[in-house]
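Shared between the two complexes below is chain A, which pairs with chain B and chain C, respectively.
== the complex of A and B ==
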């Protein structure tokens, strides 16, 4: 037989099972000896990493022209202009085309994102911890169950519904009842001047923060509830036996016991607040290119900016606007990443002080 | 090209919320005449209309703004076909001023208002235009579109045409850098403009004439707008026609601004409502069905225009539109 002679392979011939049956048999054997599980596990472990890398690479590639055009000043600029779309010729800067007059800066978006999330946490943390303690220690079993159920429903609520509630109900309440009352009654002190001034229309920083707090509360409260449940009964009974009140027990024993966990849950909530898009887009007032002048002024966040300007960006024939949005997406990812790293460091610090129960008594 | 193919076909449309009420009327009317064709229409914004037509995700992109030279250069097979003539209203919410009083505002005052040089309703520049009207001392709340909007393009074009110093040409577009004003509101869609103005006392904004009935129902005021010859006019058949007659030479690609036309009674903010269509379609039947619908829109479809306060195209422009429709092929 010469080397060039065709090699005849039996294809499901006599004496051999047809291909599908062989495949099934191989699969069965794989499942039995654990091969299949090992492979699924390996693929499952790699996919999230690949997805993250893919997103990063795409954002960097798409955002590169914008970075070449604006450089680092993108992060310190307040500008927001799509430029003259009807100009006859695009401008050329550092080798990339852009519409004449187009300029973008991320600083107001970063400030807006951090400010709304901060407001959300200031409201959500005390409320959530209080709710968790009440559910575990105070409320009758049935009521506690009902409140817990409400929390879980609220956590699973699509954010667009909360945005709708914010735009239709909460916004007007803020505009007509809360904001004018607060603005009238704040003392004339430098820092508090941020609470005074024009109370606006209900769209803006405060409403966005309140809407975000509604989304963050169930996350922090549900996690804290589960943590508080795991605090052993003995230290708490001991505190009571020492004559501590319920409040003192909570403050001196229960909360220190779960401190690291609460920090973790707050970071989970913060992650949600930083990236929340549609609800904020519905109530922020979509004011680009500036910082809010007070607590009630309209503003914009990074995530809301992307969703509100994507369609406009797609009409920019030079592609500059779209590139800017990719860059903003990257900024948002970096903010979230930094928060997570910061949180991990914080959790490590908090949890390294083992069992701080009774500190300061 | 006047009748659709016999097979069943769905033609998709998205874009301009100003034009959406018209497509909502056209869809059922066309379907009752040619039952094999169904129109699926969506109200978004002119920017979405243009970008969806460019991306090929919709058959007809509706836009109040024509394609920019850059878009035309980038998407060589896209064309903008005028289907009707529309106008843009300037609306406001001033509870103390009766709705029967149409405040007089011109491009200079509006440019100063939107650039923050005029901040109060009783500013001397506004009271000078409106003798006998008592205006409140309240701050003006600016409402503008947050999405990529043809209305914004028309409104900013008008301010620039009348006052290029206070409103520079770099501030013309479907999305512009609005100079920051305290409390300003970015609203989504024409409907969003009407509801934001309704719920915000002392606000001012702009919205297409197809929303006139909603503006009236919301008890909002409609401004008489200053034109190039200095008179103040409301948009109606006579004033829009007067403005149209000032523009006699629409180019073959029909990309033309109809802002600030001359004539004593000309309404200064009018425009062609465009269908943005790709001339190279995926199949000959789809091309035929698109041609038939667009041809119907500029001929028989004009009976629906009055309900949304639009006007039919002048005969010479219908001819140009038909020439562009004829270019669509499969």
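== the complex of A and C ==
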């Protein structure tokens, strides 16, 4: 750096250092010290938040008329009728138009969504946890890698293919083999009456639950496997030294050690099951306005209802049907968001602090 | 082994394992292996069914010609090309936004904005895709009069996939050893230069893995695309709006036996399923290769 006379920079861009060149220089400096990257990054990082806000606002605005018309009874009603769409004059209720006779209730959708997800979890949780334990504690490394590949394929399988499998292969087997056998042999006990009765066509609650369990298993199994791998060797060796068998060690030391994490992954899987659309739409039998009478009966879930009726909802000139779907979407979103947030809190808790030995005994 | 244990027991040095515990142990691990079988079995069954339904009647016209009518004849070339165009669009839009998001959250963001911005994309991951499809349809397709086309479909798919790439970017940037950054600083390299030439470079395998997950989702998503991409039996044009385009999952859904009574359409549905399966397997293979390469590189 020579001690030359300070360069006189003419203000306003006239002279030897014109504005474009200065701008280019500033840009170069910005790129070099990371400021440019910082600001483009900030713009990018705001977009997901904006998208989230946009989705919420659209659902609330679109769902508001339906909420004004039905109020809270929307959540306790099981009606599902488009009403007379060719009526000359729409009915007016609480200031909003609807086709005469149109009525929608969300209760069967909510019940169907929760019931299918519950069936999926009842199947998936023990299977996934058992698989994870077998992979980590019993399988040699190469075989564990191969089974991991299976889990990855199952996780990456497009849901429409699983739906096709459910509709073409699994449904008929449920209808012809599983359901009649179970229904015939189930004891006549009050609680088990849901297993008896008409066995249906193979499209319904049980098939939907089975299909969903196929989608939930890879989530729970892969997470549990990774969690179990992280359990330190010392507490397990300690358990063995105390004379516990390795099954007891797995059950009483390893699993409680990662218990919260497993619960977290289960809830994460639940989120997937609650929101699953197309596969359920293919195997649920799509019966609106009623509850399934037994395990094999046709039903509908919230997500499947949206995909199956969205096109038809546009024909409702009053916009009521479209508004109802927005309300259903909002309900579905709230349910899945709560489960997801719960899951993340649980997974984070277990990954940040180790549980004391034997907390679950 | 058993004989050895018996002699040890008879010598009175090591008490033999009580039969009850041995049975309990065997039962427990038996149940675990049964569970393993219940995962591997149905997965194999699913894969074999998907291949078995398609392969016996598979004809090369399925990948070389366009669909005719409602699947009465022809193939799936329009759908394959449509799916490819969609995935490229998602890679560009979602890839850019999410890499910027991950980069900003990992490298620049300080204070309270960080959990807020991260929470936003994590919440986004929890929204059922059909809800996003509904919003895309009602606002982009109907309200904005865009009609079915590439732009609404890519935008909705991008919102669905942003969380996955952003998370992968953020966590792989966080895993870059701090010695890299310190080394760069010690050499007097500016922060921007160090980021671009050193930090991001070593995070690339993780970012690509996240992109592969996003690709698998974009290829396999159905419900939101039904209402944003529409369907077309002609090859995709690159017009952004008012140009419905075909995609593979539509063919699986709409031509499946549940929705179409036409035999040739059902066959197209199975074919589309097989092609999707091949896509997914390819993505998984690429992911494994990248993971193996980056592991070797790290060692």
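Here are some notes:
The criterion applied here is as follows: the second predicted complex is superposed on the first by the 307 of 361 C-alpha atoms of A that agree within 3 Å, B and C clash if a C-alpha of one lies under 4 Å from a C-alpha of the other, contacts with A are read in each partner's own complex, and residues count from 1 in each chain.
Everything below uses one rule, namely that contacts are C-beta pairs under 8 Å (C-beta built on N, C-alpha and C of every residue); 3 or more make two chains touch, one makes a residue touch a chain.
The shown structure was predicted, so the numbers you read here are calculated from the model rather than taken from an experiment.
Between chain B and chain C, C touches the greater number of residues of chain A.
In the superposition on chain A, contact of A:251 is made with chain C only, not with chain B. Touch criterion met: A:131 reaches chain C, while chain B stays clear of it. By the touch criterion defined above, A:90 reaches chain B but does not reach chain C. By the touch criterion stated above, A:293 is placed in contact with chain B alone, chain C being left untouched. Applying the stated contact rule after C-alpha superposition, one finds that A:314 touches each of chain B and chain C. Look at A:67: by the touch rule set out above, it reaches neither chain B nor chain C. Looking at chain A, you'll find residues 311, 314 touch chain B in one structure and chain C in the other. Touching chain A in their complex are the following residues of chain C: 17, 21-22, 24-25, 27-29, 31-36, 38-40, 42-47, 49-50, 53, 96-101, 103-105, 107-109, 116-117, 120-135, 137-139, 142, 159, 162-163, 166, 190-193, 195-196, 216, 219-223, 226-227, 249, 252-253, 256-258, 269-270, 273, 276-277, 280-281, 283-284, 287-288.
Touching chain B in their complex are the following residues of chain A: 79-88, 90, 99-101, 103, 172, 197-198, 200-204, 285-290, 293, 296-298, 308-309, 311-312, 314-315, 317-318. Residue ranges of chain A in contact with chain C, taken from their complex: 30-38, 40-49, 51-52, 54-55, 58-59, 62, 126-131, 133-135, 137-139, 147, 149-154, 156-165, 167-169, 214, 217, 221, 245-248, 250-251, 271, 274-278, 281-282, 303, 306-307, 310-311, 314, 322, 325-326, 329, 332-333, 336-337, 339-341, 344.
Every residue of chain B that touches chain A in the complex is listed here, in rising order: 44-45, 47-48, 50-51, 54-55, 68-71, 73-75, 139, 141, 146-148, 169-178, 180, 182-188, 196, 199-200, 203.
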